[in-house]
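Below are structures written as structure tokens.
Below, subunit A partners subunit B and then partners subunit C, in two separate complexes.
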Partner chain A sequence: MKKSRKIEPYLYILPALLYFTVFSFYPFLKTIGLTFFTVNANGQVKAFAGFDNYIHVLTDTAFLRSVWNTLVYVVLASPLAIFIALILAVLANKKTRTSAVYETMFSLTMAMSMSVTAMIFKIMYNPNIGLINKLLHVKINWLNDPEIAMVSVSLISVWLNIGFNFLFLLAAIRGVPGELLESANIDGANLYQKVRSVILPLISPTVFFLICSSLAKNIIMAGLPIILTEGGPKGSTSTMIYYMYKQAFGNMSYNDAYAAAVITFLFTLIAMLVSFSFEKKGVHYS
Partner chain B sequence: MKKTLSFVMAAGLILSLGACGQGASTKTKAPTAAVPEPTTAAQTTGTPEETKRISDKDVEVSFWHHMEGTNASALETAVNHFNETTGKEYGIVVTPSFQGSNTAEKLNTLAQAGDWKNFPDVCQVASAGIPAISGYDLFVAPEDMYAKGEDILLPRESIIANNARTFTYKDKLCAIPFSNSTILLYYNKELFKAAGLDPENPPKTIAEMADAITKLTAKDGNEVTTYGLNVQVKRYQLVNWVGGEGDFNFIGDNEGGRAGLMSKVTFGEDGSLMTYLNEWEKVIATGGYKPVEDNINEEFAMQLSAMAIMSSARIAKLNDLIGDSFEWGTAPFPKVNAEDKGGTAVGGSGIVMFDKGNADELRASWIFQQYLGGEDAQYDFCTASGYIPMNKDLYEEERMKTYLSENTAMVAAVDQLMASNPNVQEPFDIVTGDINSIIDEEMLAFAQGTSDKQTTHDNIVNKCNEKLEAYVKVNAK
Partner chain C sequence: MKKKTVQSILYQSFCLLIGLMTIAPILYAVSLSFMEQREILTKGIHLLPDKIQWKNYKEALRLTHLVRYMLNSLILAGGSSVIRVAVAGLAAFSFAFFDFKGKNVLFMLCMSTMMIPGDVVLITNYKTVADLGLTDTYFGMMSMFLVSVMNIFMFRQYYLTFSMEIYEASKVDGCGNFIFFIKILFPLSKPVTATVFISSFVSTWNTYLWPMIVTNKDTMRTVQVGVTMLNSRDGGTIYGPIMAASVMVLVPTVIIFILFQKQIAGGMMAGSVKG
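So, the complex of A and B:
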């Protein structure tokens, strides 16, 4: 009886464990193993390579550029999408007759397909016929200027993620006890003080979740460059996973692709660990 | 403990990332089967219709394609027509299935996993995928089927030589050409007239094009309001220009990868790249050339560029965008030098088939593969999509003559394709992605004045060769 009770919890996680083993753990370990071999275009192992594949990738300026681009993308896209969503959630906190309308409007971006959004932005970004240049009265080559192309791509990502972040943050803010906000009002706190000292600490678990999920998602982003820029101009929008994709399927070089995948994993792992260290200091579960 | 737990959780959250690169396997052998004898059971008795049936039961053929939108509808119409006509006679039912824009990539993934069972019977692939696909053990070349001489619906001679050459690898026709195109000059006839140029006599060479750009470019102060020409020179454009020099140019060794693995580019050592750059310099010097493509179709349709260089597959799209708003036309791709005779390459896709060990399915696949290259399927598909028919006999038919007389933009494409040397083709350069990026970056730097002609030349040659060398080192047998 005691023994079966001990086994019971493991049985609950068994289906998920099997799923992860087949689709994540096994291919992941195999990928790591193959990074130490030379593999031809048919996927056949040709020879032991030691760390050659890693050295090749880490000395490839195209990959180093893609590491930098990924960092720029993550730094721009992740916090901005959460920050804007937070502002919208604070504004939408109070329930009114029209709540349903603007809540739907603010969260609508999560219902948009990335490829459709990318194509719409491509037209809007056009330097000659695009809406953005017309409205701003500027002549910026948003997607074809290497200096700003990654910023332009990041802004699309921000727009796409606002809806998802908004929904989570709105639910969290509405979960903040009313009496605490009332006390803050009595104490004469303004909106900024209420957000900083009352709302943010109480919604910090949600913010933490959004930071973790957006970091992981943004570090492995490749869709927007594939659809919009093919990594250009001059490699300025090539991310680490786009590099991996291009090496594997554009150039049939699995050696570079495997090594790039593992290096990207390490980057993501480090970002996650940093996030988890933030959890200790900044996340309040009470 | 908490630290360890945090680490494990973080790793678990993102572990699936590492699997992104997974795809290879050491398995490469497929269940091999020689090209079998077609089943003859149904050929002996019954009515004439019944004798054509391959088997008592309908034979199912799975067909992967990469067409989207209008083109997908056109393709599905062709498949339905097959099922209702030829398919019915032979007892074949084809099921089409869209597999994304790169079917060769999907096949390659299956091949690496040794998952031959899930291969389709028939697949539409871009020509660049042919060298890899022809190496799969279950691949069956149309060349071998023609050699057997059975169930011939599409005579080998009906395939235009240029289109056949596009899908020929190591002297074997590896696919039946299907949706083919060629590169063209698109020009705005009204802007030509306004600039004092003859709209019925568009530029024939790069030098003539440079003169036209100077006249067509409109400026408001220092700002260009109408560009003379819009084209971003990438691999596709460059290999067409260089490939058409002289009688023809293979671009790389081993006949540009068609006779064997391409290990280096040859356009550096034979001087053809420099010849092209010498002429292209004239275009850049006009100041009215737009070297990046933002929305090339729309900008041409809005008269923001007077000329554009694009695939003939864009004709239908431009017809939609422009409508009757202004008069425009297509012309042959301007040559590097007036005396060049090579012409241009054939772009697009072909149909390959696989032998999954079932003789009936193989026979059915062969019949369907040929049907797609037949006059009816080519006429229906091409008139709906704007691709150029690859069937020589179709051009003799009245319906095609009528179609061309009503769609003059297609005439330049057809004439150019027919007049080109079959040896002018996009090379099988394998590391296509890298080569495209190298040419794109170097030509853009040249156009923007950040790289001189010699540096552009040397960088293209050296960088392409580095990539090819690295590939050959790992993949040469």
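So, the complex of A and C:
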């Protein structure tokens, strides 16, 4: 490849770069910039505000509640979805005559959309006619009890993410050299020991990738509260991006919305950095 | 030997059972979509409909513009996926086949968009689209899904394995770069194109938040938004039609997923490999 001074290679990248500039870099910088100004209900800049918008949002109990809810959601949903997928991947590891069938079943939630899934779980969660209460012989108000509504929402997301996690973990487990498992067998290791000391260390890069991607995805979740609960009852299912959405499109309070957006971004950034520091300690690349 | 076969059958049955449990919500939705209202409202556990009847489907189609929503979703998902393939393919061609000043910087710049979650810039993007008068238009709906850096990355990884000899030979034959891309590289890269197209089709078809925000007119709604609107219409009492509509919305992606699992999974893995 010779260094070409021609304009040609730039032309091919131009559409993508233009797009990123208009819909990614520009809105990102503009959102950050606007957090330091007061903005009226039409979105016009009125005056310089310093950190007032941040202070306002960070002293708003509704936002603090949303931060807490988001953390509860992330801490519940991300690991549980990976853990269940890991069990399924261990199950599906051995190839059998019907493995194509159950592999498809284990990964099928990947094809499901959040809105349709929300509609299905809404019926299953129904306190009177819902299948879940009937099967468990309980009378729990899954989505209308402030104490457990966020847990109920998290469980929907766990189900939705099983398929994605499963596909990655299955590929990783199938990549574990057979001899290693054989020698573990000879040493008389049981399944738990094999997973714990042979499989898990070898697939940790994949687990690490899944933790990062599900943290990033879950911190910005807003669809389920919008569809199912409108953040309620009593603000118990309002997430950070839901708060942003409601302030912007419900209350026309762009000051709060922009500040909430930037704070949410900082959370995703922190989550990434924490994941990376964890990577140094726990992940083995062979 | 015989003991092993029995064991294997037991193991497979167990896995299939777990598989059925995993997809139980989908199966239950299908079952509910065929039930009469009284069967759904019954006190006891009622898993299967007494008989298959299509009343709920007819009702769902009568209550909503579901066919129109389907068309809207098809245009949104199909249109943005075609543009994604074209823009990403072209950018990846440049990154893989040319050497030019600032190449690495530009590539890192593209990759850095992964750090900016779309939902964080949602409001500003909504303002942009609204200022351009693009709300309630297909282009406005597509605008958020036209380019993905992951797709550029996937194309680039694939193109990097392409034989340089063919490229050099075509140059000697007087074939221009763009003609090489259109006539040779692109047609010979069908697997990666299929992966990018199918995975972006499924994800755009399933997307909810952005199409909901940029559309107000009922006739411009996508299926994902439309299906949740059915919910609020009668205070959520018409469970049968809601499930029928949900099933009609999920069937296309489930079928695409089952048919093209290999491409979708392969694409995801390719995207996750750090380059």
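Here is the rule we use: the second predicted complex is superposed on the first by the 264 of 286 C-alpha atoms of A that agree within 3 Å, B and C clash if a C-alpha of one lies under 4 Å from a C-alpha of the other, contacts with A are read in each partner's own complex, and residues count from 1 in each chain.
The rule we apply is simple: contacts are C-beta pairs under 8 Å (C-beta built on N, C-alpha and C of every residue); 3 or more make two chains touch, one makes a residue touch a chain.
These numbers were taken from a predicted model, which means no experiment stands behind them.
The superposed arrangement places subunit B and subunit C in clashing positions on subunit A. In the superposition on chain A, contact of A:K30 is made with both subunit B and subunit C.
Legend: residue contacts after superposition of the two complexes on their common chain; A:P9 is shown touching subunit C, with no touch to subunit B.
In the superposed model, C is the one of subunit B and subunit C that contacts more residues of subunit A. In the superposition on chain A, A:I211 contacts neither subunit B nor subunit C.
Legend: residue contacts after superposition of the two complexes on their common chain; A:S107 is shown touching subunit C, with no touch to subunit B. Applying the stated contact rule after C-alpha superposition, one finds that A:G235 touches subunit B and leaves subunit C untouched.
Contacts of A:G250 after superposition: subunit B is touched, whereas subunit C is not reached.
Of the two partner chains placed by superposition, only subunit C is touched by A:L131; subunit B is not.
Shared-chain residue A:K46: touches subunit B; no touch with subunit C. In the superposition on chain A, no contact is made by A:A89 with either subunit B or subunit C. Within subunit A, the residues touched by subunit B in the first complex and by subunit C in the second are 20, 23-25, 27-28, 30-31, 34, 43, 122-123, 129, 216, 220, 241, 244, 248-249, 254, 257-258, 261-262, 264-265, 268-269, 272. By the touch rule above, subunit B contacts subunit A in their complex via residues 6-7, 9-28, 102, 105, 108, 111-112, 132, 135, 223, 292, 294-295, 298-299, 302, 304, 430-434, 436-437, 440-441, 444-445, 467, 470-471, 474-475. Against subunit A, the residues of subunit C that register as touching in their complex are 8, 11-12, 14-16, 18-20, 22-23, 25-26, 28-29, 32, 40-42, 44-45, 87-88, 90-91, 93-95, 97-101, 103, 106, 109-110, 113, 115-117, 119-128, 143-144, 146-147, 149, 152, 177, 202, 205-209, 212-213, 224-225, 227-228, 231, 236, 239, 242-243, 246, 249-250, 253-254, 256-258, 261, 264-265, 268-269, 272.
Those residues of subunit A that touch subunit C in the shared complex are 1-6, 8-10, 12-13, 15-17, 19-20, 22-28, 30-31, 34, 43, 88, 91-92, 94, 96-99, 101-102, 104-124, 129, 131, 134-135, 159, 162, 164, 167-168, 171, 209, 213, 216, 219-220, 222-223, 226-227, 241, 244-245, 248-249, 254, 257-258, 261-262, 264-265, 268-269, 272.
Residue ranges of subunit A in contact with subunit B, taken from their complex: 20, 23-25, 27-28, 30-32, 34, 38-46, 122-123, 125-129, 139, 141, 143-144, 212, 216, 220, 230-235, 241, 244, 246-255, 257-258, 260-262, 264-265, 268-269, 272-273, 275-276, 279.
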